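Next up is a structure, given as structure tokens.
For clarity, chains are labelled A, B, C and D in written order, and residue numbers in each chain start from 1.
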């Protein structure tokens, strides 16, 4: 199976040849890959070098936490890649974004109003959790719609707070 | 539900009244009972006293390891008890006993022969595991039958080694 | 000796106190909220009583309920830990009224140090230097402030009386620019807080946060156990502490230690306490505040001096003398603590909640962990995000840093995000290694990406690509298998079978 | 400095060595058997190479394969740990032939101490006392033995030359009873081993096993790091060690320490080693043997002296001088180690295998754990049953015992049976607390039931009854629910759903 992995602006063609061999670019490497205790912790031995990392699924990528550093990696298989390039890029920027509570907590304040135009990075909502106030920011520019919460309200994790168009 | 628990030669009548109350003998106690992380480790708070113990199923009883001491406890519910007393006692002493390997290992020697009469506590087989030689003893007197192993053979955990009649 | 101590706290500090009691042969009583039934402090204590629902104000802050548990359990002393009720004068007084020991200072000492203006006045009287300023004076006109400013010295800060969060704050370098800055500060304060009052405070440049551990008994003996360097902070939360401070020398330690003892004596202090100082780059030091309780970072002092501070707290609360004189306190080697918080350093340190599914603690020589969590435990949003303290000791500071790196690399916590990568990045930072940092370091000069592109970087990028691909591939295969296997899952039936065999 | 060290071992000691290397900035190479792919030493090392199948003789004892890995990885030193190849003269020599450092003594020292008779002769020449006897003399007639006996002194032991396991062994109190006992000993030896030869050895009564840690560099410096008391043994396996020995005083320590140094010098020793002595109740001490390697119980010496023995081993293997002179070695407080074995103390210490499903480590002040296992790890029958070492330090022996009790009470390992209850019973034993034990204590005077019926007993029996009943009830309810719920299990479908969402 052939994959394309994109990390830190670089692209790697990675082919899983069999259980013990992986081709990356031009090189064929001996690998021994195992999850530890069925957790998202993976041990990888590549030609004798031993690595261990957390690998979590992100929204559209994988977060690899390796030796105290985090690398977001996008992985697509060849078929997906062809489909995507046929569909054309840039589509991800449009459409509705729903701001969800990243953790349970208490809404301290809402700093925007419906129909307000906001910039990328602008603080939308302040959520208190674990004695800390956390600023939830706009991931991109847009117009605020459907504010579904009020200050003082308790929210669950992943509860939708408002939308951005 | 009413149970009889037998431990260290004493019998206790234990009745589970509801989620939070247990009657033991004449006394009604407030209990808060919970397993820790779905392991055989149990936390019990009885009228404010906090206890934690391992509780493992044994062959015919429960092994309770509490504060560094082990207590084997037989628990029967009232219905079982009536059935057993109707069937009459002593039946457990007769019939076949199968000696099983308590762990994987290597058979070092077999100290008995088929049809040999053995005493309770007599060593039947020596099994090597983890660099240690372990003597497997007769749990009761009897006659050796069906020796299914040979010295030098590797055995799996719970594999039947021989029978005692 | 006390027979039974109630620990009025949760988490790692409750566990720490229970351990000290157990090692002294004292029984322990835990209290807990509904969210904490499975907490370690409940599991380890001899007795445990429910206080109420998860929010602190309905459980750990309910002094009335805690005092009920004291009566019910027959405890003869109470240890408040830190936070919650630890610095509540009225709670300490209520314990004494009930005839039980409060393992901490007298209510009057808590009160004297709890009010900032009073604390400042008290220590000034004892000859302890404070950050010069006009806060205690009350409202002043621009003319008054301009007259006072040269006495404070430049640079100084204009601060809003009602303020906070930097609103209405201005840095002033010379008297000439001050009138205009006063105007703009008042304007901003007025619009932010509806109150234009301001005061002046000396700007302590390149300030380090250095604190002294104090121990005092009721026989008039007061000693200090040396300093802790706590300048690695983010949003005023300490993240890393070390003892001794890389900035300190024996002479300054002796001088500041003596001042710290004087500050404690000024409020007739008994038990453990901490005097916090700001220290500028010219080694001038200023009293900041006194924490009248056990401090989160007390273990580094324990590792550098060999003194068990919690055991010593219990000792002096019983009316005994301190076990050590000042001369007997020896400083040996170097200790560092990293606070492990459930927060994501790659996402603006956002708190992270969830169930810990797996964990692997670093152990071995010179490593200590104080924690209240374990695999299977649920991190809830109700309490502080600190889930563990990782403490190491080394013969030298360099050895301690290397050991901390090794320990951080070994530490695995799965189920919530933690700030372990933050600590790893810090331990690799050249400025941290050089001891060259102040309280603004994390916010102004530190970045998670700062030191990435070293000789390991290229290999890491490639390995990350491979790991993500192998994981994605594995999940695809697994998912395909599950769909193929269909709707039957045999595992429950196995379980039933086992059950039936057991009850034959 | 070495750049890369190959660790030719597994389990906790491989992890211990990897940690030391990492803290010194040295890269590490692990080797592993097929059973150990998920072992901590493989996970923690920078490199890892498969040796072969699980049995030691096909993996960890394959010197040839390990030397292949040395070549492949470019390691410039090898640390053998203990056991496996650690005391193989030929392996140490092969390393030197390959031009890499063996972190241990010279092959000639290993050889000199590996042969019992030669070791005995060597140390006797150096003036070190050994247990008096005739073993080295060879076959002797009854007349010869009767003539020699008074020189050895009574009581003495007749032992079979070919012997072992007590067969052909007789205790002799007087010369009068000796002729008859000689006859019966020869008869038994003949029938057991087909060889009636016997020799005499002084019976050391109430013997304690006390050993001295030695460190030596290649510049002729040899020091000792004090003693370890290792008399708590079962079937000649050490179970608990402490430093210092409760039996020792400063004078005897200085005397035995000097003798230990002399014994090491007699074989031109370099690196870490241990001289084992038997000490009788009258404080006579006899050389037993020298272990020419790192010892399992080295951490208690590390905690009592502050010396990192493994780091020091690496240092002297590089040809550097020792970091300490004898005068700089300070003994501080008391350390105890309990060896945590996967064996059931309620079932004749039968080894226990299986997957560790959950574990909770005792942590906090003064506690160190060296282990190679973690939740999810499988304990196999191929290797030693020791899965962890729990080590505590206290200011006094009493404090160390109390701390060990606290740590044992906290320790949870689920999935295999362990001997933790044995250690708990021992820590409660009055004789252990009093330091009154010898090497026969566990087998002759100790029982798991010995100290059960104290004031806690009645409450424990009732609680045990309740816990078993509640567990049985819970399992009944659970089993009923599963049967009712029927054959559908939704969890896999949830997982597929998540997968599909992720790939939308």
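Just so it is clear, contacts are C-beta pairs under 8 Å (C-beta built on N, C-alpha and C of every residue); 3 or more make two chains touch, one makes a residue touch a chain.
Values in this document were obtained by computation on a predicted structure and should not be read as measured data.
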Outermost chain relative to subunit C, judged by CA means, is B
Which of B-C and A-C has more C-beta contact pairs: A-C
Between subunit B and subunit D, the Cα-mean centres are separated in Å by 31
What whole-Å value do you get for the distance between subunit B and subunit C if each is reduced to the mean of its CA atoms? 48
Provide the C-alpha centroid distance between subunit A and subunit B, rounded to the nearest whole angstrom. 51
Multi-chain contacts in subunit A, i.e. residues touching at least two other chains, fall at 36-37, 39
Of all the residues in subunit C, which ones touch at least 2 other chains? 358, 374-376, 409
For the complex, which residues does subunit A have touching subunit D? 32, 34, 36-39, 43, 45, 48-50, 52, 57
Of all residues in subunit C, those that touch subunit B in their complex: 29-30, 37-38, 42-43, 45-50, 72-73, 374-377, 502
Contact set on subunit D toward subunit B in their complex: 342-343, 346-348, 350-353, 357-358, 380-385, 408-409, 412, 414, 420-421, 424-425, 428, 448, 452, 456, 460-474, 476
Subunit C residues touching subunit D in their complex are 15-16, 19-20, 22-25, 44, 299, 302, 306, 308, 332-333, 358, 360-361, 363-371, 374-376, 395, 399, 402-403, 405-406, 409-410, 475, 479, 482-483, 485, 487-489, 491-492, 495-496, 499
Taking the complex as given, what residues does subunit A use to touch subunit C? 1, 3, 5, 7-8, 10, 12, 14, 16, 22, 24, 29, 31, 33, 35-37, 39-42, 44, 46, 51, 53-55, 61-71, 73, 75, 77, 102-105, 129-132, 134-135, 157
